[in-house]
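Two complexes, one shared chain (chain A), two partners (chain B, chain C).
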Partner chain A sequence: MTQTITIDPVTRIEGHSKITLFLDDAGEVHDAQFHVTQFRGFELLSEGRPFREMPSLMARICGICPISHLIASAKACDELLAVRIPETAVKLRQMVNLAQMVQSHALSFFYLSSPDLLLGMDSNPDNRHIFGVAQAHPEMARGGVKLRQFGQRTIEILAGKRIHPAWIVPGGVTEPLTADRRDQILAMIPEAKQFILNALTLFKARLHEFADEIRTFANFPTLHMGLVTKANGLEFYDGDLRIIGADGKTLVPAVDKYHYQEVIGEAVEPYSYLKSPYYKPRGYPNGMYRVGPLSRLNIVSHAGTLLADQELAQFKALPDDQRQSSFHYHYARLIEMLFGVERIEQLLHEPDILSTHVHALASPNAYEGVGISEAPRGTLLHHYKIDDDGLIRYVNLIIATGNNNLAMNKGVLQVAQHYIHGGEIKEGALNRVEAVIRAFDPCLSCSTHAIGQMPLHIELVAPDGTVVNEVKRG
Partner chain B sequence: MAKTFKIDGMDVSAADDQTILQVARERGIFIPTLCFLEGLSFVGACRLCIVEIEGNPTPVAACATYPQEGMEVYTNTERLQGYRRLILEMLFAEGNHVCAVCVVNGHCELQWLAEKLGMTYNTLDYLNRPKQVDASHYRFAVDHNRCVLCTRCVRVCDEIEGAHIWDVMGRGIDCKVITELNQPWGESVNCTSCGKCINVCPTGALFKKSKAVAEMEKDTHFLRYFSTIRAGGD
Partner chain C sequence: MILVIGYGNPLRRDDGVGWAVIAAIQAQAPPDVTCLAVHQLTPELSEAVAHADVVILIDASIEGEAGDVHITPILPCRDGTPTMTHHLSPRSLLDMTQWLYDKSPFTLLMTITGADFGVGEGLSDVVRGKVAPLADLIVWCATQSCHADLKKRTTDAL
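Take a look at the complex of A and B:
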């Protein structure tokens, strides 16, 4: 008798989703689907709006990463203006994007995933949450809270407020940085660095406990995509959009952003509202690729800051088959946080960082604009077309999480096949099915605040629709 | 001849040409207004400045009512507070006011009034009527989603600039401000592109196309100079 296992909702992720596992007659998992169950419709509702509204409108896609959308959107709008924005504005935008990266990674690593990583995948679910971490590893929990604060506070100091600031606008930013505010950010940096280094030490020391997870958490060869500097260093704001093969060889050195649709196709599956982008030359679904921290670190040759480069060298020394494991998104996130804090420090010491020339004024000079940046979860693309009056006529968005959709689906299947046998469902096995999704840190909507356990509901459904078994928690 | 009357129990006097609103403002008594703007004629359209008069069953618009000898006016009764909030709720429900992405966020009279008068939520269903944006003018745009039909633009263009390109078309729920007898603004031959309508608009309905979210601040100071010039000419 075939059965279906449904995990609904998936917990400790951002947004709403569920997982369905299909069992065959022998009780083995033969297929898995990761469903994103919410619909937003931003591409349609922005049609007809003045393009200068777009950054703020797009920021509302997400309460956790509004900055990421502000950046990609403002870059697309810069293209509509067809201006080169002031250098200082670029640096300020880079800095706020890095701060966003740090706060989001801190949320993912410490708040959402550290319960699995520090307490154990099989630990008692009653304590497997951030408060449980706070009891067992108070310094880690405190570090996580402080790192998130570092990111959010930096955003606030630069942009005026933490969530949805209107500071990033087409043509640059609205306000320059002052010496006083620069010093406020600088003062927070040493502590932030230390927290990340402590977390890295603890994480690396425990990696051997997760050999099974490393082997099975969406660990398969895929392409990787991400922005890089001209020198193939880590870059979140601008640069070349590079695609490499699983063997590390470069397939596309720099995607021509106005022809991205020749490289990236967007498939739609009936079971999910999340699109499934794929690398077009390889077709669907063979053109599976990944984005985000793991991909970025696999693509680049170096980070570009002292401590992050040291950590990256250790990461690069891992065996090839380990570096393809999505479990190491966690590892990569820690290294990227370190890079983020160091790079912010570098930028704050730039001689022109306090320049008041931060906003290029122009009318639209192009009908089409594409903005690409790196969000915490990966490459983010905004594509707009406007009419003669500057009103939006077309919007296409490729959201970072979407790029990983194919890999997440396959990852769920891989984990489920490894941990679920004979129709027997252990709590720890189900947690791992969720944990593989958490490794990707998908941001499925705006924000969800997971405190403790959200209810988890699993049903075993017979082919005739009757529920043969049911497990509930929460 | 000066008249004496009472506002909120305070003895006040008014010259012949002074409305209740003008006297109240002279005395520092707050009466909310939206369509009224010092320097333009009054129309009493928004009804936010309604006040109660002892013995009068219905409230009257303070901007458009001259006091009578011995009148007793009340500006902030519980009944008035309720009416004013309801008016604001209706304005918000009729248009599509999304402050978060509005060009005048933080500098909007409607937003300020909602905060000031304690409209913390809307009891009415939003109509969500799709409305157009006319961005055909090279510098300015009108977003009808945010228009509250105060007609300040109509009056300033007619009374101060003397171009009279703005009018009001339609009735009831279909009412809208139009340019040049309902032609696209960008095709107007009479618009002088002076920007006065932009500056007097209390919301983000009229704005400069060069401004992004929350960047647009309105400046109505120019009206004071016109008032001064006019007063000198009388």
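Take a look at the complex of A and C:
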């Protein structure tokens, strides 16, 4: 008789989900489903609204990643205006996007995943959380708090407030940077860099303890997608949207953003509100690809800053099969944080960074706009169409987390098949099933546009559909 | 230094009373008082808490009659096993502060029971009426440096 295991809710991730594991007659896992159980539907909510409202409306998709949506939305609106925004505005937007990445990665690495990485996957679950880390590794926890503060404070200094700022608008930004505020950000940079370097040192020293997880955490060949600079460096704001194969060879050097639907399909499964984007030429589900920190580092040839380039060289020296492991999203997050802080420092030293010309004014000059940027969790795409009155008539959003949906499902199956046998879920196995999802750092509030928190639920389902075991947490 | 943190969602009417009290305190610009208005308590606040002599947390409540004000001293204590560690209870915030910075400042939680938590800005009349007295008392206590008996005086006055 087939059995099913359900994990509901999944803990230490952003949003609400559950996992169902299907067992065969021998009690071995033969299939897995990652269900995202919340729904919002901002695409429809937006129809009929003036396009200039879109950045502020889209920022409301998420309290964790509002800047990511502001950026992609503003870029789509720039296209509707058909303006080239001032260079200083581009740099200011780049900085705020990097600050968002740093604070989000800090939350993921230090608050959500460091309990697994520093205390152990099999450690006592009653103490396996950020408080446990604060007790056992207070320096590391303080570093996490400081890095999140760095990102949030930088956003606040640039954009006026941490959450849902109205500073990023179609055509640029509303206010220039002042010397005083520039210096406030610069003053935080040395400490932020040092905290990241400390975390990298500790993380790399402990990697050997996670050989099994590196081997089994969504470790399989997939395509990777992400933005790159013209010189194939790390890019979060603009650039070419590149798709490479697992062998590192480029499949699509630069997706034409107005024809992205010829390259990316969006499948829907009945068990989840999260869409399953795929690389269309390979069909569904063979066109599985990944996005986010791991993919970005696999795609680029270099980062573009001194310390991040040194760390990236070490990452690139890992064996090929390890660089495909989603466990290394954590490693990639640390390197990207380092890049983010260094790149913000570079931008703050640009000679025109205090220019007051930061906003291009125009009326709509196009009926269609597509904005693509890199959110912390991966490539984010906003696609709008407007009518003659500038009212929104069509919205399509491809959210970073959704891009990873197929890989997350396959990753859960891989981990479950490795750690769960005979229909029994041991605590360490349960944690690893969650941890593979956590490695992707999904933001389900963003990706399904949902209401509520996100704990975890695992169901073990028999061949006849009977739920034979169920674990709920959170 | 007194740290006053008002928290809640100002787009859900009375849930934003903490923000309103903060604005009323800031309007008086009292010395030695640091004010923060935030949506929720997060681990990042622990550093500011660690630097304070007294911490006052101001939140809306759903318990009791609308307009009720409760002042409760808070001690560090972890509330359950956190699964969403980017927001904390008042006691957990103090617990985090103690672990990270080895500090545990005297802390009061002031709650005002709301009447209307619907979507929108602005407070109900009964809650709005509590904003100025609470702000005045906090400012008065800061001015008089009477941190230790803040709870008693605030309770008596209300």
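Here is the rule we use: the second predicted complex is superposed on the first by the 445 of 474 C-alpha atoms of A that agree within 3 Å, B and C clash if a C-alpha of one lies under 4 Å from a C-alpha of the other, contacts with A are read in each partner's own complex, and residues count from 1 in each chain.
Note that in this section contacts are C-beta pairs under 8 Å (C-beta built on N, C-alpha and C of every residue); 3 or more make two chains touch, one makes a residue touch a chain.
Because the structure is a prediction, the values reported are computed rather than measured.
A.B. asks: When the two structures are overlaid on chain A, which partner does A:285 contact: first (chain B), second (chain C), both, or neither?
C.D. replies: It touches nothing on chain B or chain C.
A.B. asks: Have a look at where A:170 lands relative to chain B and chain C in the superposition and call it first, second, both or neither.
C.D. replies: It touches chain B, and chain C stays clear.
A.B. asks: For A:363 in the superposed arrangement: first (chain B), second (chain C), both or neither?
C.D. replies: first
A.B. asks: Where does A:27 make contact in the superposed view: on chain B (first), on chain C (second), on both, or on neither?
C.D. replies: After superposition on chain A, A:27 lies in contact with neither partner.
A.B. asks: Per the overlay, which chain contacts more chain A residues, chain B or chain C?
C.D. replies: C
A.B. asks: Report for A:131: first if it touches chain B alone, second if chain C alone, otherwise both or neither.
C.D. replies: It touches chain C, and chain B stays clear.
A.B. asks: Considering each complex separately, which residues of chain A are in contact with chain B in the first and with chain C in the second?
C.D. replies: No residue sits in both footprints.
A.B. asks: Quick check on the complex: what are the chain A residues that touch chain C?
C.D. replies: Touching chain C: residues 9, 11-12, 63-64, 107, 111-112, 125-126, 129-131, 134-135, 138, 141-142, 144-146, 148-149, 152, 163, 453-455, 473-474 of chain A.
A.B. asks: Quick check on the complex: what are the chain B residues that touch chain A?
C.D. replies: 100-101, 103, 105, 132-136, 138, 141, 143, 186, 209-215
A.B. asks: Under the touch definition given earlier, write down the residues of chain A that touch chain B in their complex.
C.D. replies: Result: residues 48-50, 52-53, 55-57, 60, 164, 166, 169-170, 174, 361, 363, 388-391 of chain A touch chain B.
A.B. asks: So in the complex, which bits of chain C are touching chain A?
C.D. replies: By the definition above, chain C touches chain A via 39, 43-44, 46-47, 78, 81-86, 92, 95-96, 99-101.
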